[in-house]
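What follows is a pair of complexes built around chain A, which joins chain B in one and chain C in the other.
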Partner chain A sequence: MNLPTLESINLAASLPVLILAGWACLLTAIDLFISPERKHWTAWLAVLGLLASGVALGFEAVAYSQRGAVSAFGDMAVVDGFALFLQGVFLLSAFLGILLALNYLPRHNIERGEYYTLLLFTTSGMMLMAMAADLIVVFLALELLSLPLYVLSGFAHPRLDSEEAAMKYFLLGAFASGFLVYGIALTYGGAGTTLLSGVVEALVGGGPAPNPVLAIVGMGLILVGLGFKVAAVPFHMWTPDVYQGAPTPVTAFMSVGAKAGGFAALLRVFLIAFPATGDTWGVVIAIIAALTMILGNVVAISQSNVKRMLAYSSIAHAGYVLVAVAAARYPEVEPLAVSAAVFYLLTYAVTNLGAFAIVIALERDDGTGVEVEDFAGLAKTRPWLAIAMTLFMLSLTGIPPSAGMVGKFFVFQAAVQASVGDPLILTVTIIGVLTSVISAFYYLRIPVMMYFRDGEGQANVQPALGVALALTALATFLLGVVPAPFLQMARHALLTLAG
Partner chain B sequence: MTITPVTIAFAVLAIFTLGGGLGVVSSRNMVHAALYLVLALFGVAGLYVLLEAPFLAAIQVLVYMGAIAVLITITIMVTRRIMGITESVNRQWPLAAGIAALVAVTLGFVVLGLFNGLLPVADVPPDNIEQLGAAFVSHQAYLLPFEVASVLLLAAMIGAIVVARD
Partner chain C sequence: MLNETVFLVPTSYFVILSAVLFSIGVAGVLLRRNAILIFMSVELMLNAANLAFVAFARSLLDQGGQVFVFFVMTVAAAEVAIGLALIVAIFRSKRSTDIDELNSMEG
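Presenting the complex of A and B:
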């Protein structure tokens, strides 16, 4: 038996994930020695872990720009531009997620140190997901991502809607994981390996005794399992109830992190392992994308609870990213479509976290205050909050000058390129543009409420929340007006076959 | 046939297994039935050891005697209506008897076939546990999934405690 060496494991390349997961384990123990009144120390220690991981990620990004992609742990993981970019998005979301929770938890009397350690665990699951190059690692990363989120969505127990959210999320999530595992098992049966690079070889015809039918059925089941995580129609049923019931900082983090994690797996598994069956899944994903955009945007119109509205909006945004995924099956469009997808996830992350920060500012201690009417008159009482919220809503709609507009433009650009000779993608792109117009109706209702209706407009912005708000608003604005450097980074976010 | 320690061990384990099984179907108290089931499962684990399948034996103890037996016991304890049942035969017994007979015939066929040389005896590599262990720590194989699974279990445990604690 040959013992592993540092070079063969490629420890340096996986350092960002290792630091975060290791720190999460340590922090679990450290938290025991922090007295209940000082649980914000745990939060800052968690931020420290995120920072350390971020520094390692920075070094890794510099190394990547010099030597390209490398694989780690045999071929189980691959560190490429795609992984590095998304890992950056996850770290940023986790940092903002902690800032959002810092004042919220004591205000709602649910402050416990485990909140921050579980947040670190789920973040390390997401980061692992971005670099997983083996179906077993994909599954384990998905579970590491999901399990802490199930607990976090029930963190406000014994508040009933929080318990309901956790229960629904857990049961349906476990069900979806079952689909994913079954799909992985069938793919293994069909291809004889769980390595993504091995699956593609077997399907193209190089491997021994491949069974394409099994692999295609397995692929379908994997799509169901991941479709649940990204909240794509028809696997979206859990989303509104869970988003509404979970504590708002958890909802904010979940809507961004879990979705991006699901898309990380979706993009890598389908583009790396199943390019040979692109005709099959391309059509399915394009149809799912159309359904997701239509249902998310249309149902969001009738919502009066802002958390619920943002839940449907999150379903709709999954649809836009799916358009990019469907477009990515054409090899000549793939680089553009993949960078469009990850850039879209970045813009969605900063915008949505910002929008939820405002919801947190408005939310009262008993969990009310998150109806659309509660925004009335906010422009008079809190003008800066109103400006920030308007910016976020413009960004979610896709109106300049905002991040969302650049993201949508990039996705549709990739889709239009792919639609040459593919009427289905063209149709889906047109549906995407039309549903964006529909979405203006419900997003812009909030600015109208803030500026043109009279009301009390109460809000409570505590320091950490204020910092999170300023950061997200600034990022949303900057990504909208000077997107070039970030687009440049996204262009390097390429998928690489392990090896 | 000579009597060796292995034969004696087999006989004892067989008595455990069959006696346990008999206890499961004949005892009137559901909790007792569950305990008899644990005994039967223990006997099977011992038989695996005799068959030189230590990995299966370990899994049998961990999964069946540990997790599943606890699960069954807890299920019985939280289901009050089952706790009150005292008669050991209900109306579905002909169906159960039929299925049991079917399983007995099938297993009998397989076992007798093995003895008469009709079916090939599987050839198990002797050091399969060693291979399994090596695969878990080999960087070429499952080192990363193994480590991630550990972190995952830790996270799940913390999560379970957070949910359970008030």
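Presenting the complex of A and C:
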């Protein structure tokens, strides 16, 4: 074992994460000196941290375009295009997550500075996850991502819904990390190392490889652990209750960030460490993808609570990304499939945060007002809000001109390329297209409500929420109309072996 | 001589024991209805993984697995802090830690 040197640690490469985690620690202390009626200062200080991290990320991206991927912490983390792209998505989601909460928290009497610091902690966990090149880092990042989210789900304490949501999320999340850790332990036993690049060598047969069977069982357990995090069927049971019970800004952030974080780990672990066993996990993930898309979309139809409907919708969308993951096991399709997956995560992030921003605008101070009927008449009272919501719903369905359509298109394109000689992927792709059609049924119910039904159509848009709405609506529209520059970026989001 | 004593018990024994512990943990989570007992079962799963880690680290003559155990213990401690806080909070509202009573939401 080599002793770490300053070069191998390479602090500069992980600066975006370090800045954010460090600032979160500092902000926890600073927050103590901010009086309760000025908690929005904490929010702006948190935004400052996100900005600083974003600037560092910008420098990293420029450096990456010149010198390519570098590793940090002695090959345990890697800064490549994939990591940089997803880190950008996480920072953006966190920024929007703060904007959504800025007025929501005081309105619901739950304004505490910890919201913002916990948000920074979980974001730094997601960013670390994107660069994890060792199973230890995957585990630590996953916990750093999850633990603050458990607390955030229960943030509306003592509201019972919120407490129950936190409890369920915590118990099932901890259960899932149990599977993950045990899976990592078996992989370690089977491959002799926890480095992703070492695992692949051991499995291909180059290393000592004491026991490949152990590693494959470990891989299965890791899949279960990560499946919980991305809410894939059959590990999705917690999602509806948690999404419904958690405070809406937390739900919005969680549905986007935690899912993208889970997929970052899933893509990296399975494509870097286990390509040799692609036949096994490719089939399993393809079947999970099909089940996830079917269940998410079909059950969403019968939901009357919009938060709960969006929870099932988020399960369904995990299915579409899983299609890309399953397609990525073919080396010739991998670059396309990986960039399709990360681009899909970006489109889903802006669309879903926007949709939740509207739900927040409609939600009354007692937590009601989030039923589908509450959207009735919104087109007359708040025409712009109705237009934005229609755009988000089109995007979630995958109808142009919206981000979601471009995202789905590239996922299916990758899947079709992979389906040459693989009837299973072809079937899953067809299921994906069909379930998208089914999803139109429940997504478009909301525009129908807004435009063709009479109702009070009450909404309360405060400035920060308005900015978040404008940003997400603009992004959803632009990604749908001129996706080229962002696709170009996603094309560079390639996975690199550490070292 | 040292090696003889260390390798007296084969690694597979430890791994089988850890698999048994892990299964007991999983069964506990699925069968128990009390939040604290479920939580204890989760801890059992983590400790089963720890046992597997040290056993493999011994047989591979590699410290990586032992280091991992420290991380798992640290994270488990953090989880305990959050988990117990949540259980206390919910006990105050409901006077119960039975997860079957966590049903204020539909579905």
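The rule we apply is simple: the second predicted complex is superposed on the first by the 492 of 499 C-alpha atoms of A that agree within 3 Å, B and C clash if a C-alpha of one lies under 4 Å from a C-alpha of the other, contacts with A are read in each partner's own complex, and residues count from 1 in each chain.
The rule is short, and it goes like this: contacts are C-beta pairs under 8 Å (C-beta built on N, C-alpha and C of every residue); 3 or more make two chains touch, one makes a residue touch a chain.
Predicted, not measured: the structure shown is a model, and the values here were computed from it.
*Asks:* If we overlay the two complexes on their shared chain A, which of chain B and chain C does A:L128 touch? Say first, second, both or neither.
*Replies:* The answer is first: A:L128 touches chain B but not chain C.
*Asks:* What is the contact status of A:A185 with respect to chain B (first) and chain C (second): first, second, both, or neither?
*Replies:* Only chain C is touched by A:A185; chain B is not.
*Asks:* Which holds for A:T193: it touches chain B only (first), chain C only (second), both, or neither?
*Replies:* Once the two structures are laid over each other on A, A:T193 reaches chain C alone.
*Asks:* Which of the two partners, first being chain B and second being chain C, lies in contact with A:T117: first, second, both, or neither?
*Replies:* first
*Asks:* With the two structures laid over each other on chain A, which partner does A:F228 touch: chain B (first), chain C (second), both, or neither?
*Replies:* neither
*Asks:* Quick one: classify A:F95 as touching chain B (first), chain C (second), both or neither.
*Replies:* Neither: A:F95 stays clear of chain B and chain C.
*Asks:* Can A:L160 be said to touch chain B (first), chain C (second), both, or neither?
*Replies:* Once the two structures are laid over each other on A, A:L160 reaches chain C alone.
*Asks:* Which partner does A:V151 contact after superposing on A: first (chain B), second (chain C), both, neither?
*Replies:* It touches chain B and chain C both.
*Asks:* Given the touch rule stated above, what does A:F253 touch, chain B (first), chain C (second), both, or neither?
*Replies:* A:F253: touches no partner chain.
*Asks:* Shared contact residues on chain A for chain B and chain C?
*Replies:* Of chain A, residues 1, 136, 140, 143, 147, 150-151, 154, 157-158, 166 contact chain B in one complex and chain C in the other.
*Asks:* Quick one: which bits of chain A touch chain C in the complex? Just the residue numbers, please.
*Replies:* It comes out as residues 1, 136, 139-140, 143, 147, 150-151, 154, 157-158, 160-161, 163-168, 170-171, 174-175, 177-179, 181-182, 184-186, 188-189, 192-194, 210, 240-241, 244-245, 305, 308.
*Asks:* In the complex formed with chain B, which residues of chain A make contact?
*Replies:* Those residues of chain A that touch chain B are 1-2, 4-5, 8-9, 21, 24-25, 28, 72-74, 76-77, 112, 114, 117-118, 121-122, 124-125, 128, 134, 136-137, 140-141, 143-144, 147-148, 150-151, 154-155, 157-158, 166.
*Asks:* With touch defined as at the start, can you tell me which chain C residues reach chain A in the complex?
*Replies:* Within the complex, chain C touches chain A at residues 15, 18, 22, 25-26, 29, 35, 38-39, 42, 45-46, 48-50, 52-53, 55-56, 59-60, 62-65, 67-68, 71-72, 75, 78-79, 82-83, 86-87, 89-90, 92-94, 99, 102, 104-107.
*Asks:* Flag every residue of chain B that touches chain A in the complex, lowest number first.
*Replies:* Touch list, chain B to chain A: 134, 137-145, 148-149, 151-152, 154-156, 158-163, 166.
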